[in-house]
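One chain, chain A, links the two complexes that follow: it is found with chain B in the first and with chain C in the second.
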Partner chain A sequence: MNLSRRQFLKLTTSGIGATSLGALGFAPDRVLADVRNFKLASTTQTRNTCPYCSVGCGILMYGLGDRSKNARLRLVHIEGDPDHPVNRGTLCPKGASLLDFVNSPHRLKFPEYRAPGSSEWQRVTWEWALDRIARLMKDDRDKNFIAKNAAGVPVNRWTSVGMLAASASSNESGYLTHKVFRAMGMTALDNQARV
Partner chain B sequence: MTNHWADIKNANVIIVMGGNPAEAHPCGFKWVTEAKAHNKARLIVVDPRFTRTAAVADQFVQIRPGTDIAFLGGVMNYLLSNDAIQHDYVKAYTNASFIVRADFTFDDGLFSGYDEAGRKYDKASWTYELGPDGFAKVDPTLQDPRCVYQLLKKHYSRYTPEMVSSITGAKQEEFLQVCKTIASTAPADRTMTSLYALGWTQHSVGSQNIRSMAMIQLLLGNMGMAGGGVNALRGHSNIQGLTDLGVLSDLLPGYLTIPKETDKDLDAYLAPRTLKPLRPGQMSYWQNYPKFFVSLQKAWWGEAATKENQFAYEYLPKLDKLYDLLAVFDLMHQGKVNGYICQGFNPLASAPNKAKVIDGLSKLKFLVVIDPLVTETSTFWRNAGEFNPVEPSKIETEVFRLPSTCFAEEDGSLTNSSRWLQWHFKGAEPPGEAKTDLEIVGELFGRIRRLYAKEGGTFPDPIVKLTWPYAIASAPSAEEVAREYNGWALADLPDPKDKTKILVKRGDQLTTFGQLTDDGSTAAGCWIYTGSYTDKNNMARRETADPSGLGLAPAWAWAWPLNRRVLYNAASCDPTGKPWDPRRTLVKWNGEKWVGADVPDFKVDQPPESGMAPFIMNPEGVGRLFGADKMAEGPFPEHYEPFESPLARNPMHEKPVASTNPAARIYAEDKAALGTAEHFPYAATTYRLTEHFHFWTKHARIPAVLQPEQFVEIGEALAKEKGIRDGERIKVRSNRGEIVAKAVVTKRIRPLTVAGKTVHTVGIPIHWGFEGLTKPGYLANTLTPFVGDANVQTPEFKAFLVNVEKLGVA
Partner chain C sequence: MALESLDIRRRSASQTRAPDVRERLEVAKLIDISRCIGCKACQAACMEWNDLRDDVGQLGGSYDNPIDLTDRTWTVMRFYEEEIADKGLQWLIVKDGCLHCADPGCLKACPAPGAIVQYSNGIVDFQQDNCIGCGYCQTGCPFNIPRYGVRDGKAYKCTLCSDRVAVGLEPACIKTCPTQALSFGAKQDMIDIANARLVDLKERGFDKAAVYDPPGVSGTHVVYVMPHGDPALYRMPREASISPLVSLWRSGFARTLGVLTMVSVVVAGFFHWMKVGPVDPDARPPREGE
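Coming up: the complex of A and B.
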C-alpha cells in the first residue's frame, strides 16, 4: 500500500498512531526515515486561500495550538492544498512565502496617530482613535452634506470624505463597508478594481 | 472570467495579450501548460515585452505599448475578409443582422454625435432601426448595407496588414501567422481562449481593448464554449468580489447602479434600467431589476424601506458626476476633500502621478489608514530622502493608522477570477491589537450611529435606520454578513405555480435570485450572490469531483451566478439545443428541459425552437458586435494613440482631436503635464515580477530577498545608443517626475519600426517604495500620467513616454 505523506498524516491525525501504522507496513519512507517526529504532526491544520492574485489557490496553514481557549494559535507552516482543483498543491514564489507576510516585522500591531506637522507616530488606544475618527466624520458630514442640488432636487450626497476599500479583504468586509459608507451618503467610494 | 481557470485546458488556441500569467498568475498558468501538453493547444503571446509567458509560447509577437486595438482590428479584418467566422453562430447569436440607424456615421476617427468642447458623444444615433412593433429591424441575409455585419466589415477594412504593422511595429508575416492560428478556431469544434489582465485595462482605451477580443470571440463562436471565452485575470485575490459587491463610486451590489440626480424618484430610476426585450421572445433578464433593487433596499433598511416611501430610495446618494479614484484625487488636489479612508489600499503607490497624490493627501484634514502592513500612504508625510522628499512640518494632515488582520487571521470568502466564492477559515491569532475589518467597520459605524442618535445632525435617517441584525453589534461575524448578502424571505413566499403552497418560509435563506420580489417580501444584499449561503455555507464546499472531465469541479466552493461555471453556456449549443461540439458538452436540450454538467445559463424549460437567444442579459438576446450606446467612445473599437505617444499623430486619422481617445476625460493641469516625443522619446510600460505582489511582498522576507532592488529594463539597442551598461544606475524621467534605478539590459525588448521611425520601449517594474524590507526605491507612479480609460477611468499605466539618462557606475 502506497501512502502519500498527506494521506499518512490524515490517518495519523484521525486517531491511529503512527507506530501502529508502521507496524502494519504502511510506512511512508519520507516520514519514518526521519528520527524526529514530523513537525506538522502536532499542529492544527486550517484551510485558507492565498490573498495575492486572483487564481485563489487553496492553502493549508499549520499552527501551533489546538484551538483551546487559552492557546494562542501561531502559524508555523503554509503550503498548497493538494485537493484544490486549480493549484493542486502548488504555489508560486509569493504564495510559497506567505508565512513571511503573516509574520512580517512590518505588521501593524497597535493603533497609531500622527499629529499635524509631526514627524512621528504615537501609540494610541482603539477607543481614542475610533472616537476621534467618528467625531471628525460626523462633524464633516453634518457640515458638508448636500441634501438638495441647485434645482432643489433631493440628492443626499456626502462628497467631502472618501474611501478606498480593500480588494484583498473578504466579501463580507467589502459588503459591510459598502453598506455602512453608502448609508452615510458617501459618493467617493472605490476599490482597486478602478486601478 | 466568462469561463474559469481549469477550463483553459479545453482550448485549442490560447491567446495572451495584455497579461503575463506565467509570472503574475503562475498557478493558473499551469492550465495553459496542461492545454499544450494534452490538448495540443497553441499559445500565442502578443506583448511589448518577451515575458516568461512568451518564453513558452508557440508564437510571440512584440508590439508597441497601447496598440492592441490596431492589432485586433487587423485580426477582425482578416477573419471577415477571409470569411473565417462561424456563420451559424454569428447569424443566430450576435447582432450581425441588426439594422443600424441611418444617421450613425464614422468619419476620420469620430463617430456621429461628437461634442468636442465637452469631449463626449451624443449617442442618439448609435442604435438600431426600430420597426413599428418597437423591435429592432434585422436582415437575416446580412446583405443590407446598414446591417451590423456590413458596417463591421467596412469599419475594419481599414485595418490592413500594412496599417497594423505600421502602427504596432509587428512584422506583417508575424501578424498574419497569428491571424491564421486564431482563424483556425472558427470551426464549431475548435475554440480559442483569451487571457488578459492589467496590460489591457490600464489604457485610455482599456475597455475597448477587451471589447475587441469579445467581438473576435463572437465571430469565431467561442463565447459560452468550454475552452473559449474572454477571461480577465484579475489583479487581486478579491477584486472580483469587491466589483461584484459594487464597492465603486457609481455602482451598487450586483451591478446595479447608483442613481443620478436626474433620476428624481424610484420610478424614474427603475424605468431606464428595467430593460424590455428588443427582439420578440427574448428574455432580457434585466427586466427583473426592480426585484434586485428592492431586495437590496430591504437588506439595508429593513422595515424603514416601505412601498410608501419608495423603499427608502431617498436614502441613497444621487450622483451629479463621477467620483472615481482619479476624479477624487483631483478634487483632493483642489482642496475639496477633507477626509479619506484607505482600507487595505495604498493609493500613493497605485494612483498615477505621485507628486499630485502627495499634494492631495497633504491637503486633507484627516487620513485614516486601515492595513495589516506599513504602507507608503500611511507615511506619506515622512521624509524618506530622495524617495519621498517631503517636509513633515508643512503637512497638516492628521493621520490615523489602524492595524487589521490578514487572511490567515479571519473567516470569510474571496471571489477568484473564476467567480468562485471560496470560504476560508481563521488559523491564527492576529498580532498585537489588530482587529478584523468587520470589527473596525462595525465599531466605527456604532460610534457614528450613537452620535447621531444622541445629537441628531444632518439627515440621520439612513444611518440610524440601517439594519444591523448582528449578534454582537460592534463585531458582525462573517457568517452573519454572508447570510445577509445571500438574502432571506421576509414573508412566506408562495409557489408561483401553485399559490396554495409555500415555496420559501418567512425567515428562511433564499436559494436562487429567481425567488426575489419587488414588493418588499425578500431581502438580499447582492442578488448575484444569492445561493452562496442557503441552509448551509456553499462557499465552504470542498468536493473535488469533476464528473464531466471539463474541469468544472461543480461542488468545490460556489460560483456566481447560481453555481454556473461557464457564462453564456447555452451558446455552446446550436439553435436546436444540440452542443456545437459533443466533446465540449456543458449543457443541452433533452426535449423537455436544459440539462448538463454545468448549470444552464437559460430559462430551464424554454425550448430552443422558441427563438430565445442565449445572451439573456442583453435585451437583444444576442452578443453585440455593434456596441450600440454602451461605450463612451463608440460602438466599434477604434485605434487611438496613448495620451503620450511616440508618434506626432495617429496614422489612421487626420483630425488632431481623434489622435487620442476623444471621449477620455483629462483635466487641464494633467494635460499640461503630458510629455512629448521630442523630450521623452521612449515608449514606457509598467509591469509586475513573479517574485512580488504589488507593494506588500517587499515587507515579506523571502520575496524581499529574491528581488531586493529596483531596476528598469531597456533593450540592447537602446543601451548601446546611450552607452549604458548592464547593472549601471540610470535616471528615467517623464514630464511628471524622475526615478533612478539599475538598468537591466535585455534582449527581451527590441526596438520596433513604427510609422517609419524607430521606437524603443522601456519596462518599469512597480514593486519598490520607501517602506519595506527591500532596498528603498522610487514609487513607479512618480512617472505615470493622470489620465484614464474613457469608460471606467482606469489610469494609463501601460503606455506613456519617458527619457533615460546615463548616471554613472553604482
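Coming up: the complex of A and C.
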C-alpha cells in the first residue's frame, strides 16, 4: 500500500481518535468480578483452647501447609470452634486477636530469671529453674512448717508459700496441682482466672 | 471463582448487562444495638480475617478506638452518650461500617468500570484492581463509609466478608460476637428476628424501639435494631438518600453534554484552522527584548 504523507497523517489521526473513544468508555466491557480467594482452603485445622481466661473457649487454629514433612506449619488464622459447648464459635476481642499473640516477636518461649536486686533478665534452662524452685520451696517448708497448733493438735500446715495455678488447666492437671500441693501442707491455693 | 462473575447484579460505570438469571439467597447482617456491649471483638476479628493492621492512632477522649474508619479499619465501634427523656443518660454503642445498600450510592457515583459491584446475594464489593482512586464513592455514600487509602490510592470498605460468604461461611465479625448482638442469614430471617426483638424491647419499656432498614436506599443488607428508635441518636441519617448530584453526574444528560462539548471543541478547532490557518510565527508581535 502506498501512502502519501498527507494520507498517512490522516490515517494516524483517525486511528488515535477511534481508539480514544474506546478508552473513554464507549467500548463494551467484560462484566466480571471476583471475591478474594478463600484463604483457608487447604490449611491444616487444629483444635485448641484459648489460653486467656477461665471461660476456656474452644478455638480452631489454621496453619499453613498440609502437615507434609517439608511444610513448616505457621499459624495464619484463628477463629472460634463452632462445636465447642462453651463458646459455640464466638470469641471475645482477646480471643479474636490470638493470631498476633501467638506470632508476636515478644512472646516468651523459654524460662527467664531475674536475680534479686538485678534489672536484667537472663535466659535459664528448665532444669536450672525447676531445681531452684524446688530448693527454695524445701528450705522455706523446713523453716516454716507447722506440724501442731498451740493446742497440740496435728495440723501439718505450710502457710508461708502459696500456689497460683492457671485457669487454662485441664481437669487432670487441676487434680494433680491440688493433690501435690495439699500433700505438702500448702493452704493458700488459688487460680488466676484472668491471665 | 469464575462462576462468581455470573452472579453480579450491578457493576459500576458499565453498560454491558451482567448475566443475572440465577437467584441467589439475599443475605443480611443484623446488628442488635440493645445487645451490644462494645467489646470490639468484631473489630478484632475483622482485622484478623482481612489481614488489616492499622497504624496505632490517637486517643479521641472516648472509648472509640480507632476513632474513625480508615482504608485499613473497615468497622469501628462508636460510643455516644445521650440524655434521653425518661431514660436518663444512655450509652449508645453503634457498630459502624458498610450497610450494603440495595441501591448503593457508591456504585452509582463510581466512574471506573467494574470498581464496585453488587453481587446477587446483596453484597456490595469494591474491586480494588479496577479502582482509580477518585474518591467519588465517598461522595456517593449516604453513610460516609468508604475510605481512600493513601498508601495505594484505592478505596476500601467492609466486604461483608464476601470471600467467606462465597464459600458458605458467615462473616468474621458475626461469628465472633460473644453477645449475639450480630446475626447473619437470609435477609427476610433477619427482618423477622429484628421484629421479634422489637416486641421484646417494647415489653421492657423501650416503646420507641425501631428497625433501621432505610427505604431511601431501597433497604440495606445490614439491618439495625435501635432500642431508642430515632436514628439520629445513633448518628445515622433519618432519611437516608443518595445525593441528587450523583444521579445528575451519572445521568445520560450529563454524559451527552460532556460528549457534545468535546465534539464541538474539536469541530470549532477544525473550522478555526480552516478559516484562520496555522499560527504564522512571523506574524506574531515581537516580545520585549526581541
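In this text, the second predicted complex is superposed on the first by the 118 of 195 C-alpha atoms of A that agree within 3 Å, B and C clash if a C-alpha of one lies under 4 Å from a C-alpha of the other, contacts with A are read in each partner's own complex, and residues count from 1 in each chain.
Here is the rule we go by: a contact is a pair of C-beta atoms (placed from the backbone, for glycine too) under 8 Å apart; a residue touches a chain by one contact, two chains touch by 3 or more.
Computed from a predicted structure; not experimentally measured.
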* So, A:R182: does it touch chain B (first), chain C (second), both, or neither? -> first
* Examine A:S42 and indicate which partner it touches, taking first as chain B and second as chain C; both and neither are also allowed. => neither
* Regarding the shared-chain residue A:M163, is it in contact with chain B (first), chain C (second), both, or neither? -> first
* Could you say whether A:A115 touches chain B, chain C, both of them, or neither, answering first, second, both or neither? => first
* Kindly classify A:H77 by the partners it touches after superposition: chain B alone (first), chain C alone (second), both, or neither? => second
* To do: For A:C92, decide between first (touching chain B), second (touching chain C), both and neither.
  => both
* Most chain A residues touched (candidates chain B, chain C) -> B
* Asked: Which chain A residues lie in the overlap of the chain B contact set and the chain C contact set?
  -> 78, 80, 87, 90-97, 100
* Residues of chain A that touch chain B when the two form their complex -> 44, 46-58, 61, 63, 72-75, 78, 80, 83-88, 90-98, 100-102, 104-119, 121, 126, 129-138, 140-145, 147, 149, 153-180, 182-195
* Asked: Which bits of chain A are touching chain C when the two form their complex?
  -> 25, 28-39, 77-80, 82, 87, 89-97, 99-100
* Asked: So in the complex, which bits of chain C are touching chain A?
  -> 1-2, 4-5, 8, 11, 13-19, 39-41, 43-45, 47-49, 53, 113-114, 117, 119, 125, 127, 159, 162-164, 166-167, 172, 175-178
